[in-house]
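Below are two complexes that have chain A in common, paired first with chain B and then with chain C.
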Partner chain A sequence: MGNEENQYKVIGTRPIRPDGVDKVTGRAAFGADFSLPGTIVGRVLRSPHAHARIKSIDAKLALALPGVRAMVTGADFPELPDEITAGGEAPVNFRDVSHNVMARAKALYEGHAVAAVAATTAAIAEQALALIKVEYEVLPHVIDVRDAAADGAPVLHETMFTSGVEPAPKKPSNVAGRTEMGLGNVEEGFAAADVTVEREYTTQAVHQGYIEPHACVASVTTDGQATVWSTSQGQFMVREFCSRLLGMDRAAIRVVPSEIGGGFGGKTTVYLEPLAIALAKKSGKPVKMVMTRDEVFRATGPTSGASMKVKLGAKRDGTLTAGDMTLYYQAGAFAGGPAMLGCMTGFAPYALTNARAVGYDVVSNRPKAAAYRAPGAPMAAFAVESAMDELAQKLGMDPIELRLKNAAKKGTRAIYGVKFPEIGFVETLEAAKKHPHYSAPLGPNQARGVASGFWFNIGGQSSAAVHVNEDGTAEVVTGNPDIGGSRASMAMMAAEVLGIEYSKVKPTVGDTGQIGYSFLTGGSRVTFATGKAVCEAAQATVNELRARAAKLWECPIEDVEWKDGAAHPVGGQTDTRTVLSLAELAESAAKTGGPISGAVGINAAGAGAGFGTQICDVEIDPETGKVTVLRYTVVQDVGRAIHPAYVEGQLQGGAVQGIGWALNEEYVYDGNGRLDNPGFLDYRMPVASDLPMIDTVMIEVPNPGHPFGVRGVGETPIVPPLAAVANAVSRAAKVRLADLPISPPRLLAALDGK
Partner chain B sequence: MSKHHITATVNGEAVEFLCETQATLLDVLRDELGLTGAKEGCGSGDCGACSVMLNGRLVCSCLVLGCEVDGHSIDTIEGVAEGAVLHPLQQVFLEEAALQCGICTPGIIVAAKALLEKNTDPSEEEIRYWLAGNLCRCTGYDKIIRAVQKAATVMREA
Partner chain C sequence: MARVLLQREVARRFAGGLLELEVEASSYRALVTALDVRFPGIAQALTVRTAVAIDGEIYADPLLEPIGPHSEVQFLPVIGGG
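Moving on, here comes the complex of A and B:
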């Protein structure tokens, strides 16, 4: 399928999403909206200390409280081997996941779960928590990533020895691992440079900020069959994680996904579900657990804050000769922050022949980092794209021209080894350059920033089933929670392949008992990988429909072609063979072999890389340090927009999350390692009055790995904005802002220090 | 601890319920009356996902006690459509793709409706400030603001 304009009937149109009416009328059921008769309430006791040994837990008084039905602590969960299991976007250590959902010997951060109770009401459960006596031995703690990596820092894990260094260290450390990758010879590259820039950068831990807190209900029968209703980015992920953490068979756990109220990566792991199953098992009652916002901030994964150093070298004409970066990323209390992904992505937009990236994965007394939209990439891109801007200033070059001169193209080798196939980075730069935004006049205290970004996008395992209904409508069942309109895309792709109207296709997100395994909704994979599965399932259905027509016409299947939702005889109509529509074939299915379906399971390869370029105009107030974003444009190669309105929405939402990261958002700790701003008032995400409209330009360089050319689009847009904003502010302030967030006090201090 | 017996009007219908002293209006709507359209995103009045109308005034139902609504009138997202006919805001939100995950949507529609009832032709800036108490993490607000502008036009022309 090529990319000529208007060749599709459904792809590229903007129909109303199938789940839309329920969502505008309040009927859609999200995680906390589900209950069963007789459900009791589970609540979690959390550590008030950033780092403490748990000496004893005395629950006698709590268990004696009328209405309390069950309690669990770390002792109720099996010890798992300390090993890395291959995951999807990142490997998983299930021992750490288990220790994160319920502390064992030590509480490793403020908010770490220490015990959980289930009681007949929330008020009784809260009372019970207050009656649990935990004896702690408070230990010295460490919050800052560089402090945590330094010699003499309080060590979180006595068994953690830095991996990736020779010789292997003999002393435990908070540095879980060092990773290094490179191309060519960096020293020679810098020696050949006419101009270099070098600087240190920091970003703070930020939360995904989904509006829906984590929530679930678990019910367990007396023969050990569990059913979990929960909000997550993957019902199969929840099933696997619970199965491993509780030592249960996969088949003994059925997970029913609710509507999901935002995830952005933060719902790619479990927090409550294993506790709810354990409490339901002990109490014999269905247990419902819903986090408060405070718990979401303190105990679920933000993404890593980072401390970074970047050096770039270039010839007088702007040709890059070398790039070097060192990244220290917070992992939170357990190993596994995205430092390696930062190393892989930071230089990816540029054709560098001499490059080196070194990353450190560092634990500290913070909640375990979770994935957040292009995990690891925005921080490294902030540093590299800021350095590119500084380099452009030093060379007296336009920042887009500098990027064009060095842009990665088809055949460019990235630092992590791959050679890029068809990519559309240059196209995004060209489009940004000629966009009216880029040449619009600016006023006093105003300036414009530009930055680019890259994200891999992933494929992976997906299942899809298409069933033709008796009346010629169709069902499409997939296994991926719909986080931002993907059911519409699934129905559109099925309708296009089947040749029927979009409104005749009903998409459903199946539970773990209704559809085959599907890796979670993440990595910008669903429209690509699950979409590919849907296309293949629909194609299998078309082939079955052709077979049925062939049977009726008593001809070989090769003599039947599928066009416009109907079987046609190859070479035109004859007396006996006219045209059989999908509806006619559906109606006669009983006579031709029974129900007509197509089901596939695939491991989708060929996810197309995503590149984007963003333009940001700001005005700074030199009196207060306040930054106002005046105008914003997102340009991105989207491969093929199946439903353009929801693609635009991804670009806009990602950019705004990045604007929040750049200007407002941060985890603020007090001297005791306790989070000072665990609420939306003090953890200041962008609100409507903070922002202008977010203009979008969708470049379509089709991905040959997908039948319609789809590339993932969800994550790339959060990669450029940190630097796009910071570059604009730096140009307006005439001083480089290298530390995020650029809050008013920080900008004022920079202006004062000029 | 005895519960309080409360009578009120919800979406035009008389209701009565028993309510614990500390229960919020949001708890009552969701847990006693089965109206789960209002969502708890924060419980502290910062996100607006629980927005409802109380005697014609826009409030965060997480900041109102259930006991306080005795004798009063509440309108929720469930009462915005008239039977099967969507309110212009609901229809335009669908047409303009002004929602992604949809968790904030009920609160935003309730809040936007309150705005359009007192100001039939709000400027972009007025819409942005009016909705500043309703957090959306998915959309970046662009399509939401455009949808409210378009709904205002549709309603003025109706």
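Moving on, here comes the complex of A and C:
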């Protein structure tokens, strides 16, 4: 969007982010950078077995080691009820969270925490871990999702009986739940089809790959008041989870957020914080805990790997008549993978009147899955968008034309029942079709792939406060860690409403004692929901400024209007009332009633759905199986880009992570269920030199649910790339690649098997 | 009368498989109360793991939301994010 089209003064411009200088000069303080005087070091003993009963833990030698100050095991944490609670981001079983943070009777994956110690130095803590004697009874394990769902698989939880099936099973299994949703009649839809495609697809578990490992410091006073400094996607989430896991009041825990070096969903839960509080309480010392990269891979949540089957039917003109999909998603060691979200999103871009989606949530001896950008959607989209590509080939249709023929629009009912409001999917397809990339010539062994994707985006609870400083500058305080440039966006929205320059607004991320409750930074919600709160807080401040001007002018507030950062009289009498700027009203605040502020707490509804379409050109090397991404374009409906550069960054980052998922990333386990590649040398994520510049096209179909039209933008861009890449490679190789990642050996095998 | 659409699993467990019905209610709270009278136990099932879309707008916490005489009320799973 060019400024000539911009009706706003600040929104849509590209100022420098407030945290930018600190981040590029190394001054910014991330999770591991914080320390207090007298801080000691916490370390975690982790299971070397994928599945084992913990028969005993003997820590006598460890506790006798000079310098060891405290130790905790599962026995130090209260046992919580086995129930789903409406807390956190989605319904949560806090018993499972507690058992994931620290194993109880069984270790359920290699890397599962079984004990933690705190000592005066890291070396002593490591030495103490080596002195802890854990007696294990090693049990059979299962890693693969389909193996885990099969009869006769080693069962992780003797109390797990599949939900969502009738009659209720009498035997426990690893299938935590079955979910089904649908529209119309799938059988009749396929009977009406002229053409069908049907195939099975697999994707592997992939990690969010945040550069910064999990880290925290906890300090507990002698009267039981805890303060935690940690890196997370939500200081209020950390407070809630620690409160529940440790049986402490919320008010007894203050959580101070550090800068965050990437989260992508993986920092929407806790791992270290409850342990650090427990160790700090026992030792009486501040305890610092920082994971190694090895621990991040072995013990924190990747997203689910998936095994899927998709069938599509269409008329000869391309009109879809039916869609059917079955998804098996890895949940990791505890129930709660995103199979449901896969069912809801896979078919969402298309106006299907006959559709069915069945999902299975399956546990296995892997780390508990955590959220990852649009959790559950990229896998289902990979299967559906690959099937759409195959269908286009079978029909002899252009893949964008096929999508346009079936595209969801305002009023289309999604498989989960809701009719879409204003959406911009068609606009993304039209823009992709006319983009120069789509008609650029291709060379030998080169091909082009297209795929689309959908993500809901969410709202939720947010607090915001705007304070006018004595000199006419302003502070904006919110409760969401800044992962993607949100401080800049918050300051821009406040500046726009207040009518002052962006540089005059200072945004701050408050700790849990400084701002009201705010749900975590996730679900692409912050610029939408917290931004909405900021707009309302700024508007409340404007109303207070108008009231102060009315006092000075001795007139009703209705006679004062706010424009261009100043109070103006309305309805005549301009001769006796001079315009009062925000700075002038701030300067006289003491005389008119004291400090000027606006604070709100909201539960934001009206999040706008996100749709995108991506184009990928690849070249394959038939000799080595290497895939080179030549050109890549992301087209997305972003509602309104508050700071276009940061929106572009989200689109580029999502695409790059999806390309890694498609081509390189996977967890490799040995025969004993131990991870073979827990580091960035062997777990290969794309780096800048691997990829071309990712081109972006921002479509702006404003979301009526936000004052400036914002839609969430952070998750949708990771949905299409798996299929966009696979479709390009499949067309270049002239064989359908249905299993990710498309690593060189896998591509060579596919070429050999043609 | 508002048009109410239940999730399949909830419909199977509490409403004899009835996926769609009409309910007279002016608020979400009244609607759930009316459903619970007709299908005992359904209110509890609708408070955990369930969001609601009222005329296409999704609410995670809809307790006090108004329902129009021709509203469409769709229960759906809670949506999170990453």
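Before moving on, here are some points about what is shown:
In this text, the second predicted complex is superposed on the first by the 744 of 754 C-alpha atoms of A that agree within 3 Å, B and C clash if a C-alpha of one lies under 4 Å from a C-alpha of the other, contacts with A are read in each partner's own complex, and residues count from 1 in each chain.
Just so we're on the same page, contacts are C-beta pairs under 8 Å (C-beta built on N, C-alpha and C of every residue); 3 or more make two chains touch, one makes a residue touch a chain.
If you're wondering where the values come from, they're calculated on a predicted model, not measured in any experiment.
Of the two partner chains placed around the shared chain by superposition, chain C is the only one that A:84 touches, whereas chain B remains out of contact. In the overlay built on the shared chain, the residue A:123 is in contact with chain B alone; chain C does not reach it. Once the two complexes are laid over each other on the shared chain, residue contacts for A:418 go to chain C alone; chain B is not touched.
Contacts of A:295 after superposition: neither chain B nor chain C is touched.
Looking at the shared chain after the overlay, A:361 reaches neither chain B nor chain C. In the superposition on chain A, contact is made by A:485 with chain B only, not with chain C.
Shared-chain residue A:264: touches chain B and chain C both. In the superposed model, A:603 lies in contact with chain C only, and not with chain B. Residues common to the contacts of chain A with chain B and with chain C across the two structures: 208, 264.
Within the complex, the chain C residues that touch chain A are 5, 7-9, 12, 47-49, 53, 56-61, 72, 74-82.
Of all residues in chain A, those touching chain B in their complex are 14, 16-17, 19-21, 23-30, 32-33, 123, 208-213, 259-264, 290, 292-293, 483-485, 643, 645-646, 648-650, 652-657, 679-681, 685-691, 693-694. Chain contact summary for the complex, chain A toward chain C: residues 84-86, 89-91, 164, 166, 179-182, 208, 264-266, 268, 340-341, 344, 371-375, 416-421, 455-460, 522-525, 603, 605-607, 705, 712, 715.
Against chain A, the residues of chain B that register as touching in their complex are 20, 22, 30, 35-44, 46-47, 49, 76-78, 80-81, 86, 89-90, 93-97, 99-106, 109, 124-125, 127-129, 131-146.
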